[in-house]
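Okay, here's the structure, questions in a sec.
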Amino acid sequence: MKLRATVWGENVHETTNQIVSEVYPEGMHNQIAKMLKLDGDIETRTATLQQDEHGLSDEVLANTDVLLWWGHAAHGDVDDAIVERVMRRVWQGMGLIVLHSGHFSKIFKRLMGTPCALKWREAGERERIWVVNPSHPIAKGLPEHFELENEEMYGEPFSVPEPLETVFISWYQGGDVFRSGLTYRRGAGNIFYFQPGHETYPTYYDQNVGTVLRNAVRWAHNEEAHANDPSDAPNVPVGEALEPIKERGPRLHKDGEEGLR
Amino acid sequence: MKLRATVWGENVHETTNQIVSEVYPEGMHNQIAKMLKLDGDIETRTATLQQDEHGLSDEVLANTDVLLWWGHAAHGDVDDAIVERVMRRVWQGMGLIVLHSGHFSKIFKRLMGTPCALKWREAGERERIWVVNPSHPIAKGLPEHFELENEEMYGEPFSVPEPLETVFISWYQGGDVFRSGLTYRRGAGNIFYFQPGHETYPTYYDQNVGTVLRNAVRWAHNEEAHANDPSDAPNVPVGEALEPIKERGPRLHKDGEEGLR
Amino acid sequence: MKLRATVWGENVHETTNQIVSEVYPEGMHNQIAKMLKLDGDIETRTATLQQDEHGLSDEVLANTDVLLWWGHAAHGDVDDAIVERVMRRVWQGMGLIVLHSGHFSKIFKRLMGTPCALKWREAGERERIWVVNPSHPIAKGLPEHFELENEEMYGEPFSVPEPLETVFISWYQGGDVFRSGLTYRRGAGNIFYFQPGHETYPTYYDQNVGTVLRNAVRWAHNEEAHANDPSDAPNVPVGEALEPIKERGPRLHKDGEEGLR
Amino acid sequence: MKLRATVWGENVHETTNQIVSEVYPEGMHNQIAKMLKLDGDIETRTATLQQDEHGLSDEVLANTDVLLWWGHAAHGDVDDAIVERVMRRVWQGMGLIVLHSGHFSKIFKRLMGTPCALKWREAGERERIWVVNPSHPIAKGLPEHFELENEEMYGEPFSVPEPLETVFISWYQGGDVFRSGLTYRRGAGNIFYFQPGHETYPTYYDQNVGTVLRNAVRWAHNEEAHANDPSDAPNVPVGEALEPIKERGPRLHKDGEEGLR
């Protein structure tokens, strides 16, 4: 069975900025989706901010193994209820790939619990992405480094939690560095942050970037259906303890009662 | 100079439940504060839900090195704006120690980005806390394990992110285990979660628990004043790049302009 | 293509101790190999201490995706040169699953860089293995906990490095706990330590244990062929720098010269 | 009481290479020691390869809180027994700071369990060290980045385990990046690797480098005396189990017997 990816695109600058609309005439989300399909094992759909429920209905999410997120100008317009819904699906095992300016998206900040801030400079400078963890599945098939001739600089310190693993670190012509590929797990959901992708440059046409995105979808996919919701907090009645115990001392709750939240 | 700790207590069951009021006649927050003062190097104040701004004004937080948080029945009553304020202070370097049922507090869930759920049973059973990281500063002066004859069982899986380090793991009489001491960092803030402390048992009178709390305050204290706010995202003008670069290609923003959020 | 697992067994107690030979008449390695074959996707061979080169020739290792290691009485008899050979293969991407008393094997201690010590008690007590990371591939298909009615107790503190992820924690009847499933990566090699498997008990006939072993082989397998040996330390001649630089200041080495080790 | 640091220097190129002897006429170890003393809270001694037991007798190590290690040309000449001795002291809680070419020292490779290899180029190029974890104690008092006008390039991939925390990442003029400040813990010992320090450049006269070294000594110092040797593996007799259990099933060992290693 094919992996089912959904590419979420903010789809704002593509329609309001001439440069961006020339680079991505069909929208960034459609170009990203095109890159995902190249090996034939990933089935993609797209969703955008402007659609009903931002295109992320319960049904869409239920049929998404991995969600990719690109946003920039309109983070604040994303409905909090949809953010909450996406977060719950991540906890239940949907993978999430956060791209470039998505570092400031509501969903990424909620999942990280940190500001997710960084330095930035828009100078079309050269970025060289170094593979620091060459045996990681996300690095499969990549050279030891690759270059994007024009990218936005994102510079350290990047205020995110210490990652599970650092996969890429970027060198910038202007003298900065950035941890450009980082993995996390939240509940049953695998999360990957990937730095490249400023909307005025043709980053999502780059073959190495395409390889990273496809590898990341495969890596983020969690085959294990998560039987129990990780947000469930079951009371275990005393009589059902795995080792026989006798109740002692005072208590607040009755057997099987729902806990306080 | 003394460390400045603030103990935040929900202070609900102490006034509404007879058992709890008998165990903690002056409130749990005051008993915790008393334990913190024993070595003389920690200056403590308390704050409660019922106070104006829950006792957590900007001024109080600005003068707090480490905040301890105990809540259970009224997580939902904590003002979102105060949660946001506490979170920002943690990012700037205030330590945070989350106690027992505080696993479901708004502040802990926001900082973790996960459900923070677990199993539970209120049977007054024996909990044995094992030190799995004996060289960690939080374990200083502890025996290799210690017991609480009556505690609430909290059982795995505990849906939190993989910690920086696991300090304690608990054994329960009824057959469960729990990672009862976990460390995290969010921005410049050190965070410690500690499991014991059900309100119907005299846990915060226990000398080993007191040692853990004092050690945790010392560990969570971040001496390094954080010069830059970790939520600041400065633009670096092209002319101020550390290596001389020439601007190339199109751009969205002007030099020094504030970025999109 | 099938995964290629090699089960290494010390094969000492099976031939010298009557109890063990009754529990594992064909040797522990053969019973473990049998469990690995159950799903049909893993091809297994065995190797033992007594064979030439302990059964771990260059050719065998070159054709092994994942090596499983069980040893206890004869750690000291394992040839240092073979340990070195196995370690290099792990660095190049061979998975390694270390079982039970293998915590004190030369290979595990070399890869961890720590004493790998623990408490122990041989009382045939009940061990309950809790899944603390239910979305991890090694936990696939397992219940939230499972029991081994008779196992050797291994107790904390277990002096290993902080793991990449903690998958299992065990509860023991006698009051101890142990991190019984831990993951590591060394070079390109994925490593999993799994606690159960004392030779006097029928642990490797248990269906849940079998599931863990098969999952662990699949997880440890690194599909990515590691193009560069992670122990290679290439000199980059100045003229081949990715950005044009001019040599400045004094130097010790000539271009392309091999470095000092 | 002052912290007690011992600076170990290989002391080979200082006496055999004219350039190095001009940069460090008193030896690199003495210059490093001088930098450590600047704040007055660290008491230093030095030890060199050429001394009896390489200057690292049991007594010296017993009176060392933190050991700094600089070696390059003569890693192979370091006695294995001394390496073993240092490793045990690290496990017991002595801090270890590994400098520059010490990445290939026997002691670092033993503690990491990986090849510790990297790319390198000796071109006197500019290195810019970025602080990626500004709230880490090792970064105290540093600017957000600092430069060394001439350093040896060390390039990724650096084949070390995923660190506890990444503190520094370096940018090189020639287009490479390197994780130049990494923390680890092995047993009770805190370990810090720091990249700068090629012997032909005056790196150890740099004030920011000095700040890093002093911070690192303070951070690596483990106040907690480690009561139990982390390499001790005690048998717990059945009768001394913390919860009453009855011995069941067969066993290999008698009560209190020493285990197999």
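Chains: A, B, C and D, in written order; residue numbering restarts at 1 for each.
Convention: contacts are C-beta pairs under 8 Å (C-beta built on N, C-alpha and C of every residue); 3 or more make two chains touch, one makes a residue touch a chain.
Owing to the predicted nature of the structure, the values given are computational and were not obtained by experimental measurement.
Undergrad: Please report the minimal path length, in steps, between subunit A and subunit C on the chain touch graph.
TA: 1
Undergrad: Among all other chains, pick the one whose mean CA position is farthest from the mean CA position of subunit A.
TA: Ranked by distance of C-alpha centres from subunit A, the top chain is D.
Undergrad: If I list every residue number at the interface of subunit C and subunit D, are over half of them used by both copies, so same, or under half, so different?
TA: Same, since most residue numbers here occur in both copies.
Undergrad: What's the distance between the Cα centroids of subunit C and subunit D, rounded to whole Å?
TA: 27
Undergrad: Need the CA-centroid distance for the pair subunit B / subunit C, whole Å please.
TA: Averaging C-alpha atoms per chain gives centres 36 Å apart.
Undergrad: Listing for subunit D: what residues touch at least two other chains?
TA: Within subunit D, the residues that touch at least two other chains are 128, 134, 144, 155, 157, 162, 164-165, 173, 175-176, 185, 187, 228, 230, 242-243.
Undergrad: What residues of subunit A sit close enough to touch subunit B in their complex?
TA: 13, 17, 19, 72-73, 75-76, 87, 91, 101, 104, 110-115, 117-125, 150, 153, 155, 157, 159, 161-162, 164, 173-176, 184-187, 199-201, 229-238, 241-243, 245-253, 259-261
Undergrad: Mind pulling up the subunit A residues that touch subunit D in the complex?
TA: That would be residues 128, 130-134, 144, 155-158, 162, 164-166, 169-172, 175-177, 179 of subunit A.
Undergrad: Under the stated contact criterion, what part of subunit A meets subunit C in this complex?
TA: Its residues touching subunit C are 93, 128, 134-137, 139-140, 144-145, 164-165, 173, 185, 187-189, 222-224, 226-228, 230, 242-243.
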